[in-house]
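Across the two complexes that follow, chain A remains constant while its partner is chain B and subsequently chain C.
So, the complex of A and B:
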């Protein structure tokens, strides 16, 4: 019984991490139609900034607040300079953002010297319920993930800014005629997606520690999750990420980790093959 | 519609030479136009490749051999992406599987004859690609490019992980100390011998690919890349065309993989995985997808630069590579080859050969 609770908690917290990583990717893919191959490296950058702030003597928590802002700003800039040119050609966008990711990844590899660097948890210890101990930081990640999902949903569904984002997605020329600067909206949306990735990286770095290939680990997972969930809606990527995260965390309890890791992706690809529109086929929010 | 009416009236008034050049006849090969740049580039590359071992030191020849094998690998990606528009991000799957296959052949059966190794590599690549294409490309729904790229990438990732975990395949360490390749009783070691073998195979594959692409099949492929729907409306079975070229690409990658395994003398999991797949994407984008020679030039330039720079600037070399790639994608989406090659020549001029025009005129 105790093992079951531990397993459920592990699955929940890992699922939360995947959702957090995928959310930014999903928003960019759904709202802008761009598959951002640099998303994993935005996660990495968020982790690196947290490490950097910590290493020069500031508290880790401060680093976690700075990371999304800094990565968001970088995303904004990159959109203006580079990504903007790719909207006409989504395939070229994949390759272009891959090149961007390569640059970021190798830069971080150079800066970290190719080492595994650890960052302490800002809130250590564990919560004890009866005879069970849950790592506090993992609980915090679950809570923050839920808050971020709620906040992102509210932003897109209920604010006038969210309305403009949806309008630009639905019918760009009509949006422009109505006085919405679609290019500005795209920049901000991309920056928002990047900031979410930065936040994800900052939050997970105490769990996974910092290394240059941190982002790649999540990239395939993220894309598969977005495809399983369905592109074009807010709920799709969240649903897909929950499913993929749950399976990725649950299967290793039942079989060897290597087989489990591969099986999740293979099952997901087969699912997408027979249901290309994904779990959530409805478009919009 | 206007095209149709002009050819109709053309049968009455216009000289038949013009007529022949306008209506695409079934089975007409794509002719070479006089004064083209492409054959000159191809000849220049061939001459450089042929004389290179005479001027290079031995260790450089070994490196150049590896580059030639990677050129072959790049050709396979260029065929599926540059000509058919299938973004295969798992091309290393076929490369690596063939490499592992021939490594096992050498380890367990002690067979290292060229005439067994290369056909086996091609066969493994062909079968693996056919199976993957059957799943990814065929079926009721037409697959999106993103799905195909993601699916093939997942394939490469899965193969990498499984090979890592497999005791039979040597796990993390791969399969070491593969014996030298033999041709009859002659043992082929690294150096000029292997270099020329790789060069001959590269030339043969290159010429076969060129022949294929200039046939009616290649024309249909080019149409597929430019406007898939229109080709489908013409009655071509688009998915079958894609599966065929994907399988051919797989076979070429398999040949490259089998040569690579014997040239390096060992195989390890990286050659199966995503790193190797993205490497080949870099080569082809760099040189110019959609031209066979572009893939070869791209491989040679990226590998050459990396050989030269990684000695002096080991840490920042990958960053430079990323920046260069980004610049090429932004400003030269057709690759470096487009600096000297016009769009018209890259796409090719599709019209009957001069002989057929003469026949039609007489």
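So, the complex of A and C:
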């Protein structure tokens, strides 16, 4: 029984981490129609900024607040300078963003000397219930993930800015005719996705430590999650990420981890074969 | 949509292709350090270092290249080897086997080096050894601690192997931890081989293995493993999970109360670099078994001298540590120097014959000597325990430990 509680908590918390990482990727893919291969490196950058703020003597929590703002600003700039040149050619966009990711990744590798660096969590320790220990920071991540999902949903579904984003996705020409600056909307949406990645990186770095390949680990999982969830809506990637995160964390409890790792992808491929539109097929929110 | 009108015209394509091919043709060259006095009649002795300067193992490869620079400078300052200067040629293997083979071929065919030292991962060694030894007819020294069983002629190994890692370490773990072992491991050759050896030592020393389990190399969530360790009341975790997984694993283990309940972490490869992957309190009491720790400088003047010389020349972030193969590189180059002196030539067979029984009196962690006929190296071994983010040496071998290979 104890093991069951622990299992449920751990699966939930890892699922939350995957959702947090995938959210930004999903928003950019769904709302802009491009796959951002640099998303993993935005996560890495969020982690690195948190480390940087911590290493010059400020509290980690401050780093976690700075990270999404800084990464969002960088995303805004990159969209203006590089990414917007690729909207007409989605395949080239993948390669272009991949190149951006590579530059960020190798820059961070140079800055960290290729080492693995630890960052303490702002709230450490574990919550003890009887003989069971639950890591406090993982609980915090679960709560923040839920808050971020709710806030992002509200932004896209209920604000006029969200309406503009959706309008720009559905029919860019009509949106422009109606007086919406689609290029500005794209910049801001991209920056928003990047900021979410930065936040994810900042929150997970105490759990996984900082290393240059941190982002790649989640990139593949992120793409599978977006595919399974379905592109074009906000709910799709979130649903996909929950499913992939839960499976990734749950299967190793049941079988050899080496098989579990492969099985997640096999199941995802089979699922996409029979339901290519993904879990959530409608467009919009 | 700004770019919609810019179609890829033939002229544009040609221009881009020209840029790309020019970039590929110029490329990054190899890094050659020429001695200042290349006036000897026979020309310099050419020493090739093929190591991972970039990519995921860059932190180790740069250290090894630095160690080689330090030793070559030392030898050249003293008048060279056999009256000839040493020219150091450093090629990047880029943590990528296919890149490595091409670059190592450059060392062999274009630069015609007299020795190649390098390779950090076992897969790298396997990728480049044939290029160096069979087709290249060149001597090869592999400096990193590894799983053993490499018995190819002309290939000399100067890092610790499982017998050296385990023979003293596992009885110590049983005494200072307990009898019930768990062996969580990354799924590749080194953990598989060292576990097979360690399991025998554990069982012969009166311990038992509760479970031995392998994980994908990039797995970073170990909740099910940690739960099994706790629920099976494991005393000692003999870890061979490697980065990036190892730091979240140790963290989850700590959070689950493993250390608090008296559990002991054992991890043979843990050095000063890996120590900072976790916060100090998360890995308090972690025991490791290596041929060198920086803490040795307090008691061993030779180690202190080498460490100080390295830190003075290379104050940057690449640490002189055992896990980076820095000690193996040092030992390898010094043993090779001794062998060349004895052979009086740089002919491959003559040097290999001399290297087969070469000895050095001074090295990081103590003296070292080749075990004749095995091409592996005897060395001192130490057990270090992490205390407040530093190692404390708690045990040392009673002399040079034999590798028991080949």
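Note that in this section the second predicted complex is superposed on the first by the 283 of 285 C-alpha atoms of A that agree within 3 Å, B and C clash if a C-alpha of one lies under 4 Å from a C-alpha of the other, contacts with A are read in each partner's own complex, and residues count from 1 in each chain.
Just so we're on the same page, a residue touches a chain if its C-beta (ideal position, glycine included) is under 8 Å from a C-beta of that chain, and two chains touch if they have at least 3 such contacts.
This structure is a prediction, so every number in the text was calculated from the model and none was measured.
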For this session: Judging by the criteria at the top, classify the pair chain B and chain C on chain A as clash or fit.
Result: clash
For this session: In the overlay, answer first, second, both or neither for which of chain B and chain C A:160 touches.
Result: neither
For this session: Could you say whether A:103 touches chain B, chain C, both of them, or neither, answering first, second, both or neither?
Result: first
Exercise. When the two structures are overlaid on chain A, which partner does A:135 contact: first (chain B), second (chain C), both, or neither?
Worked result: second
For this session: Check whether A:11 is in contact with chain B, with chain C, with both or with neither, and answer first, second, both or neither.
Result: second
Problem set entry | Residues of chain A touched, compared between chain B and chain C (which is higher) | C
Seminar exercise, completed: Clashing segment of chain C (vs chain B; choices 99-107, 297-305 or 369-377) is 99-107
Exercise. Both chain B and chain C contact which residues of chain A?
Worked result: 85, 89, 106, 109, 256, 258, 261
Exercise. Once bound in the complex, which stretches of chain B touch chain A?
Worked result: 87, 135-136, 139, 141, 143-147, 149-151, 153-154, 157-158, 161-162, 164-165, 274, 278, 281, 285, 315-316, 318-319, 321-323, 325-326, 329-330, 333
Exercise. Where on chain C does chain A make contact in their complex?
Worked result: 1-4, 54, 56-59, 62, 187, 213-216, 218-221, 223-225, 227, 231, 243-244, 247-248, 251-252, 255-257, 273-274, 276-279, 316-318
Exercise. Taking the complex as given, what residues does chain A use to touch chain B?
Worked result: 35, 82, 85, 89-92, 94-96, 98-100, 102-103, 106-107, 109-110, 216, 220, 223-224, 227, 256, 258-259, 261-262, 265-266, 268-269, 272-273, 276
Problem set entry | chain A residues within the chain C interface of the complex | 2-3, 6-7, 10-11, 14, 84-89, 106, 109, 113-118, 120, 125-126, 128, 133, 135, 172, 182-183, 207-209, 211-214, 217, 248-249, 252-253, 256-258, 261
